[in-house]
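Both complexes shown next keep chain A, but they swap its partner, so chain B is in the first and chain C is in the second.
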Partner chain A sequence: MAIKKIAKVSHNKEEKGLRFTRRMAWIFGAPSIVAQSIFGWFPILVAFVVAFQKFHIVKPCTYTGWDNFAFLLPSNNPLTTLVFRNTLYYAALSLALTFLIPILIAILLMEMKKSVIRVMMILWFIPVASMAGIIIWKYFYNTQYGLFNGILVSLGLPTLRWLNDSRIVMLCLVLPGLIMYGPGLIYIATLQSIPDELYEAAELEGVSFWQKIWHITLPRIRPIMAMMLILAIIGSLQIFEQPFVMTTGGPNYATYTVVYYIFDLAFQNLLYGKATALAIILFFVIMALVVIQRKYFRENIDV
Partner chain B sequence: MPLIAKVGRRRFKVRLLIGAITSILWIGVALHLFPVWWMFTTSLKPAREIFEFPPSLWPKSPSFICYKLIFELSAGTWAGGNIRVLDYPIYVYIKNSIIMAGGIMCLQIPFTALMGYALSKLYSSRWSRIVFLFCIGTLMIPGEVSLIPSYLILRHFPFPTKHIPVIPFTNILFPHYNFLDSYWAVILPGMYSAFNVLLFKGFFDGIPTELVNAARLDGASELGIIRRIIIPVSKPVFAVVTYFSFSSAWNQFMWPLIVIRNNKLMPLSVILYKFQFALTQAPPTGKTPEEQRLMAAGVGYNGLMALSFIESIPVFIMFLIFREQLMTGIKLRGFK
Partner chain C sequence: MKSKLLKMLTISLALSLILGLMGSFAFAAKKELTPYEFRHQLTDEEKVKYKTIIVRWCGYPHDNWTVKETIEKFQQTLHNGDPWIGMGWYSKTLFELAHPKVKVEQVAGNVWNSQFILTGLAGGTAPACYPMHKVAKTNVGNARMALEKGLVADITDLVKDWKYTPWLKEHWGPEWERTCWKDGRCYGLPGTYPIVPGWGFEYRRDWFKEAGLFNKKGEPAPIDDWTWSEFKEIAKKLTDPKKKRWGFSLAPGAIDGIPLYPALMFGFGVPQALRPLVMPSKEGKYTWEYGATPQAIEALKFLKDMMWKDKSVLSGVEYTSLAMPHSKEMLGGRAGMVWTGNQVGNNVGNFTFDPKKSNPKFIGVAPIPRGKGNLRLRIVDFCPFGFDPTLDKEHLKASFDYYEWVAAGKGAELRFMDNIDEVKIMGPQYMGGWDIGCYMYWAYPIPEYYRSQIKVSDYVPDDYIRVTTTIAYETPGEPKSQQYGLINCEKEGLLVDVDRGVLQAIVCNPDVDIQAEVKKAADKGNKMYLNYKIKNDKEKLQKFYAAVDDFYKEYYPDWYNSTEYKEMMEKYYKVW
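And then the complex of A and B:
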């Protein structure tokens, strides 16, 4: 009887405590929820209004139906096709060349001695401010004084026009990503959480080097790879700074990207509605790619 | 060393493999460091060495004159005439960048830490899922969708239109503020970061709930739990978040370029871009007069590299401070 009563009391106490923690949850979450509402979700809702409006500087904005989207139709506007082709080309090139390298580096780095890992970690991930990095590379590519042409000349080879050559300019924009291993940090952190015992057990069973990578390492970092792939797709489709600073969209529109076009529409021509309409189209393209990615690259691990 | 078997390490083939891996890694390190080194050595070169072709790998007569020139040039106290590439001295822009990045960090880190804790330990599992999706959902949506609306919202905060509604039954307009051309235009949208919530929740999920519940039964308040239990074990994740949010705030470029038109309030990244533009954007007819005068004064790519180096220093310092924690603080589980 007494035990039952105590149990009931403590149950009540727990209930009350639980309700209290639920309330605390909302208090703790409030600043983030407010900020996320005002600067996260509210602008997105507004975007779907702005995209159907024509912006006037003094007069009130007027609704124009699907006009902004019609303006962007490939049949009306050849730039739309161009910017999407450039952006997808950049995304494909950068994912193909730079996505796997940090993973490989992280896996190989784990083979080193602990002391070597510590030293290499510092050297590997020494950061440069992003604008500084872009400008250094622009200097490398400079046709008159740049390092790359300098190397070609001292080797007795013909010089290249780098950023002025529309055939290789996209490759030039991707190249800096090859030796920036930022994402490697996240893979290393994940790899370190794999218990050594797994590898030791595999070793006793005579599992080879490649089999260990394939059956132990990769399944563990797969969820992170899936996430990083999504972020890389989204990030590379939003490419703006590199072409804006290095090539200003040239030569002959070869590096004119979607976000660059959005930027020009909005802040050079004050066509807010059309710019937002293009941003919404970009959003749906990204969504489509993410859905495809999730279909073929499940996050679940079945080990 | 998990992949290579512990037995048989002396075998020639295995030693060859280890040697190959080591050399690949060191070559990668060298490639990664080369731009940094190039930036530094170029900034030490005097003007005439910049135009040597092919460029030299180490300055023949290194000097810090360029750094001095950069500060003088921007201040407009130039001996050789009034060249003013930048309207204000460099330290004004350094200060701007520090205020913006600092403001963002001061708001973002506590906000998202509390959210991460609430998601991991306070909400019921159903609400936790819903709020979590609310918190990270915007990660999937490209920032450009909200670019123009955010700009409009900041102009008549919090209304996205020019026409401010009237408070009912009066003819007073709702209070509204124009945050454009102020530090707030950069700080306010940076108040929250979905990626931080992801990092915090991932890490707090690893702290046993029993520990928190036990403290709660002992009568500890939630803030007490955070202070006594969560913070002492979460130093790594705080380090990671500090590093990430600092470097992303410091590197912001497009947003400040849009919302800040006042030259005095621009951050360093925008100024670096403008300086670069003035220096390298040669018109088809040759060099601009501005550029010619700059180069006559001894500032060319060396000045650009000096400014780039100055911009990179804070990110680099942050990295050195937090490097140990960066390895242990990241506990992500994908978008789950």
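And then the complex of A and C:
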């Protein structure tokens, strides 16, 4: 009886403790939840309303049904196909170059001396304002007096039209991201956390360098890779800064992306309803890609 | 006796009470105090409370004297030798005395910034008055979009009997009607911003001198009646790859590049109507369709040759920024000529790269070249200002009155008086581009006294005055489709994006197939922006093109009488 009483008391104490913890969690979490609701989720809800309206700044808004989405249908709007094609092309290039290459570089760097690794981490960590970097790259690409054509001329090679050549302009927009890409730092940090004993054991077994990478390194950094891949997909599909600053969507729409088109519709043409409709379409496209990515590139292959 | 006295006392007390009450009711019922009553009958606190009509004003038009609104800053300017600021305060105070119920509240911000105006409109904090093209996020030529989008107030009742309306109709009639009127209702007024003399060319005088290019007056300049062929030859002469010099710098898609398009096309015989690459639809499903006449293709080929054969054009997507890098290329010494607007306003001042040098010594201005049959397009910017559409009647009237004050009334006179006084003290070098521009093309009548005190030729080179007169006053203006109710302004403004694609394709690709690019652009233009039918479009088109015929017949008879013109009009424009 006494034991039952003690058990009951301790159970009650446990429950009280749990309730208290939960309450405190809600209290401490409340400000962020409120801020996220106001500035994050509420605008998304409003967007779903505005997408079905002809939105005016001073006149009352009018409900237009699916008209805004109909405006964006490829049969009515050649720009829709064009911007999605450009954006997906940019995303593919960006993922291939700025996602895979830093991983490879980080892995190879781990073979260097510790002092070299430290220097590389510092270089990667130096903050470079992305907008300033993009503007500088724009001057590098200048066909008349840019650095790159200057190098080509000094090597006796023909010059390129860089940002004015629709065949390579997208690659020109991706390259600054490759050089200034910060996640290399994250990969190095993750790689440093892998126990050396695993590699030593593998060496004793006579495993080659690439086999070590495949069977030890990559599985250990898989969670980070999965997270960075999601961020890279979302970031690349929302590309705006580079085309806006470097090419203003040109030459002749070659770098006109979805977000740039949204910006033009909303802030240049004041067609807020249509811009929001396009933003919602992009939202679903990104969501679909992320769902696919999560399904086929699980963080933990053992789960 | 006592009771009688008491009765009389009571009655007189009651009477005085009633009279007193009636007096105060009468006082309260009075709508507005006169300025004298306001000044002398109210305490300072009551004066503040009395001003219930707040006019939010943001600098322009030409009331940017009072932007330094804090007392400390104002005091500083008193000792900094800047009477302009004090004059602004004086003007505002005088206006508020003349309108006791009104308070003009200076708001910090930039009325030329579209986002500032739009967020203000959305939040109820917009300035009362702003440029129409800025709020509609378009160029000056399509400022009408502001009224199409409901972003400016209807001021018809205010201009109906306004004393300046006859003046405006006489001097700016077609531009005013085209930009600010719809279905007999008025939505804007000409800006007090000096009406820009229009678009044309700026060039480096030193380069022309070096190249031995002189006009008939012996000035290092193109002749005023130069042609597009001469322009091409001059650009070639000024180009020197060894010195990294190009004859002409072009922005293919920013604000500056786009007006060059119609100017060039017009010179090759393409009537402007809507936009150069737009013509009446043959199918009839919609009113207009996107496409190029042979003349338009010829114009685009001309540009392509300059770019890739002569290599005399410095251009590319790098030059599409609003910071006008193409113009800096001319100032900085890489390009000999540039296409731009607002020449006098921009250039009467110090040289950008060396404040000790004077701009007019380096930079000359030239009108648009002539084309076939002497054709020359008139592009004169007309910068209309509109009022916040959310203002109630009372506030709108007050804002309108203040606009009149600064544009044409006492406020304007004070501005000119300040100009004159400062010039007398500081000398001719004081005059900046804006100020001298006012005397050349202020939208409203300037009293003769003020005009007579400033001799424009003392400040502005002879060629600037000559070219401005040519562009703004002597070049005839073609009838516009807006005047005949033939366009959907909102969609028409968006065609700029489509035109930009064609222009960029030409300057970025040496192997460009112009016909193919126009076809691609037509796909976009027709599906997205020209998919509308105007009511009774056939009748309207007939009237419009009859007016176009009359225009060419009167001003360009050689072109009008040519076989090329007749064939072009029959095949591409008179398609009903």
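Definition applied: the second predicted complex is superposed on the first by the 285 of 303 C-alpha atoms of A that agree within 3 Å, B and C clash if a C-alpha of one lies under 4 Å from a C-alpha of the other, contacts with A are read in each partner's own complex, and residues count from 1 in each chain.
Simple rule for what comes next: a contact is a pair of C-beta atoms (placed from the backbone, for glycine too) under 8 Å apart; a residue touches a chain by one contact, two chains touch by 3 or more.
Quantities reported herein were computed from a predicted structural model and do not represent experimental measurements.
Applying the stated contact rule after C-alpha superposition, one finds that A:79 touches chain C and leaves chain B untouched.
With both structures placed on the common chain, the touch criterion links A:291 to neither chain B nor chain C. When the two complexes are overlaid on their common chain A, residue A:194 makes contact with chain B while staying clear of chain C.
Look at A:241: by the touch rule set out above, it reaches chain B but stays clear of chain C. Touch criterion met: A:250 reaches chain C, while chain B stays clear of it. When both complexes are overlaid on chain A, the residue A:268 reaches chain C alone and has no touch with chain B. Residue contacts after overlaying the shared chain place A:164 against chain C, while chain B stays out of touching range. When the two complexes are overlaid on their common chain A, residue A:209 makes contact with chain B while staying clear of chain C.
Once chain A of one complex is fitted onto chain A of the other, the partner contacts of A:145 extend to both chain B and chain C. On chain A, the patch touched by chain B and the patch touched by chain C overlap at residues 138, 142, 144-145, 267.
The residues of chain B lying in touch with chain A in their complex are 1-7, 17-18, 21-22, 24-25, 28-29, 31-36, 38-39, 42, 50-51, 53-55, 110-112, 114-115, 117-119, 121-124, 127, 131, 134-135, 137-150, 152-153, 158, 160-163, 188-189, 191-192, 194, 197, 216-217, 222, 247, 250-251, 253-254, 258, 268-269, 272-273, 276, 280, 301, 304-305, 308-309, 311-312, 314-316, 319-320, 323, 326-336.
The touching residues of chain A, counted against chain B in their complex, run 17, 21-22, 24-26, 28-29, 31-33, 35-36, 38-44, 46-47, 49-50, 60-61, 105, 107-113, 120-133, 135-140, 142, 144-147, 149-151, 153-154, 179-181, 185-186, 188-190, 192-194, 196, 198-199, 203, 209, 212-213, 216-217, 223-224, 226-227, 230-231, 234, 237-238, 240-241, 245, 258-259, 262-263, 266-267, 272, 275-276, 279-280, 282-283, 286-287, 290, 299. Across the interface of their complex, chain C is touched by residues 56-59, 71, 75-79, 138, 141-145, 161, 163-166, 169, 246-248, 250-253, 264, 267-270 of chain A. Chain C meets chain A in the complex at residues 115, 118, 121-122, 136-137, 149-151, 244, 252-254, 314, 316-318, 320-321, 334, 389-390, 493-494, 497, 500-502, 504-505, 507-509, 517, 523-524, 527-528.
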